[in-house]
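The structure is given below, and queries will be raised subsequently.
Going in written order, the chains are labelled A, B and C, and every chain counts its residues from 1.
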Amino acid sequence: MKKPLGASQLVAVLLVAGLVLLPLYSQLTGNVFVLTMFTRIVILALAAASLNLIMGYGGMMSFGHAAYLGIGGYAVGMLAQEGIGSGFIQFPVALAASAIYALVIGSLSLRTRGVYFIMITLAFAQMAYYIASGLARYGGDDGLTIYKRSDFAGLINLSNRVQFYYLCLACLLGVVFLIWRIVNSRFGLVVQGLRSNEQRMQAIGFPARRYRLVCFVISGTMCGLAGALLADNTDFVSPAVMYWTRSGDLMVMVILGGMGTLFGPVLGAVVYLLLEELLSEVTEYWALIMGPLLLLIVLFGRGGIMGLLGRSWRD
Amino acid sequence: MTEPLLRVEKLVRRFGGILATDNVSLAVLRGELHAIIGPNGAGKTTLISQLTGHLAPHSGSIFLAGRDISRFPAWRRSALGLARSFQITSLLPDFTAADNVALAAQAHDGHSFRFFADARKERGLREVAEAALDRVGLSDRAQVPVSRLSHGEQRELELAVALASRPQLLLLDEPMAGLGATESARMVKLLSELRREVTIVLVEHDMEAVFALADRISVLVYGRVIASGAPAEIRGNEEVRRAYLGDQHVVTRHG
Amino acid sequence: MLLVVEQILNGLQFGLLLFLLAAGLTLVFGIMDLVNLAHGSLYMMGAYFAATFVAWTGSFVLGALLALGATLLLGVVLEFAALRHLYGRDHLDHVLATFGLILFFNEAVRLIWGPAGLPLPLPDWLAVPVPILPGFHYPAYRLAIIVVALAVALLLYLGVMRTRVGMLIRAGASNREMIGALGININLLYTLVFGLGAALAGLAGLMQAPILTVQIGMGENILILAFVVIVIGGIGSIRGAFLAAILVGLIDTLGRAFLPNLLRQVLSSASASTAAPALSSMLIYLLMAMVLVVRPEGLFPATRR
């Protein structure tokens, strides 16, 4: 079907183009900081996109998504500490660990709905935070320095800023592409149907919890990838990456950009983190402005930026 | 006597101290349209919900084609060929009519752990959906989101969704509720066609429709089945008259 | 043996504080259907107000009372200015909006009181240990916390079960329309309930303050524990919150105190001291996981919601 290019599609195209061309800008202007900053933004956008899969499309309001950032990060950091520097081992382990954690937490928390689900995912993420703080061998509270970034046998050099940025961007776009396919697949329709009316879906023959759980695990695994990249980016991992406010940040990015839209969370991450950067330049007390701003967004800005741009890119 | 398609034995369900379903036993034969009637609060929806698995009975058993399904969750009963429509329309509001029906077809076409191919482009599912929509006369509304369909259209869509799963047994919970006169007439005509294709349990307030359509009728009062039989028997049954149909206008005209 | 008694008392005291926090949360949720993450901020504000007022008046009791009033007032203002507009919205909106409030409160505290945190010294008469068993002394202040919290719990119970306002609260929890139909000013009732919840949180914060320090973000970790309490106890149930809070307080405290020694008996001393801190902080979450498996609706759910 031919649809006219809506405002939100246009923004998505511009967004991707901007992200792809960013290293060029950084090169031309000699502004290295902007590349560093956007590497972090792209990684957190990946995390937000993964959260959007369960939150926006699946209706599962997880308040513990930052746990995967930590799990992915610690997988890389702990293996590096033990002398296993190959990314071909570190990254699969990071993904697998995230998937297993998601499977366990999901099978417990998906027994409940609504507020319970929010509180339980929050509590389990806090548990992960405390466990990491108790890992004396791996730095405990102080965190773990990673002395050598993941090694991909010369295929790609993560210590090169531009190469690393493009790796992160490729991961982000790959995940968004996967989410796009999933959302329109049989599986995706079932998950969205469950969000819309669970009783009806059960009545026509879908076992709800099974589908939700698989969706939860896919989302967690994707976020584990973001965690691994984040650890390589900062050369450091600490319990703080899974502190609950980080989970809140991710939720805000999703809502701000537009829940249940493909590029909304990416846009949300860019806007939220740039805003944070901007406000902290203006005043040391930037959260004094950010906090009430969130309140206003919730009260008046339903649907996020993508929603404001008119037609959402839902399907 | 052959095994009935649906057999309910001594079903009991309480809410607090109230017996909402009081030792209900029923048999629905293959191919018949079996109506369940009763005054408001007689426990009709409670009974339907137990049949579909949305509510657990406290005791008693439910057999579908001889198989004990009393402890099966809703989705498994659906997989075995039991489809329902809801009293209060319960569709997927942000999906199109076609999507609603296609999902029902998808539920009965193997598992849905397929993550990559575009489900809306699957010919098989779309054809089943088109056929079911055509059956209820909604083919020209296929691409309209449910939230923008009229109430009558939504009731018809409920039927299409139930049909798309190719059920053995169709449980219809007040399909006429809230319909105007012309819409009601359309629904009666539709049901009179469908009853030739599938076994139907019909819960309905519209007595005219019930007596026009049903092969057999069971009367539910205060959670108990007080009579069960052909429409003529029910009309003549003294107890039914006293308990329920004594209210003359109900027999002749409702609502 | 005496060590066990002491730890049990510590656990009880911690559990009672958790109850004060959880009771406010569950009341607000049960009646207004509002999820308030900023409840932990009210706990923090109670502590900061107390530290300020105690230093200002020179009296611990007077300062604490003033702080309690101030937190109540803050709660009322907060409800009026912001949270009132969130009733009837979905829970996700509540979470995000109150998350924003947390950011705001933390930053406001940093702006007003500075980033360093404050001390809240105890008066001499509360700082002494009192003998409660032959040969066993327990800090007077912790004892005072237990007494005060138990008294508040009893008042809350009587208030909700016996009084007219309490009946309204229970009616509100089970039937929102009815209470409006009775011609009761529902806005006022909601504001009062929120103020009450805020005061309870403030009380918990100011009582905890002399034991730990008064610092930014102090309400956040304990808020998550209060969530765990609510999940275990069953949402909307004061009785459930009470029992679950005591349970969580005891398990957490006793686990931290005795688990390392217990582990040392089964594991080598080195691996025991590695595993113990992580494991003891996991205990209550494991408890929550078990409750979820056995009774997802909580151990003592409110009878009708």
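As a convention for this text, a residue touches a chain if its C-beta (ideal position, glycine included) is under 8 Å from a C-beta of that chain, and two chains touch if they have at least 3 such contacts.
Every value quoted in this text rests on a predicted model; they were computed, and no experiment measured them.
Chain centres computed from CA atoms place B at the largest separation from chain A. Top-ranked chain pair, ordered by C-beta pairs in contact, is A-C. In this assembly, the C-alpha centroid of chain A lies 31 Å from the C-alpha centroid of chain C. Taking each chain's centre as the mean of its C-alpha atoms, chain B lies 49 Å from chain C. Chain B has its Cα centroid 44 Å from the Cα centroid of chain A. Taken residue by residue, chain B touches two or more other chains at no position, since every residue touches fewer. Contact residues of chain A toward chain C in the complex are 61, 63, 108-109, 111-112, 114-116, 118-120, 122-124, 126-127, 130-131, 133-137, 244-245, 248, 251-252, 255, 285-288, 290-295, 297-299. Chain C makes touch with chain A in their complex at residues 29, 35, 82, 85-86, 89, 91-93, 95-97, 99-108, 110-111, 220-221, 224, 227-228, 230-231, 235, 273-274, 277-279, 281-282, 285, 288-289, 292-293, 296. Of all the residues in chain B, the ones that touch chain A in their complex are 52-54, 73-76, 78-79, 83-84, 86, 90-95, 99, 103-104, 106-108, 112-120, 122, 161, 165.
The touching residues of chain A, counted against chain B in their complex, run 181-182, 184-190, 192-193, 196-197, 199-208, 211, 214.
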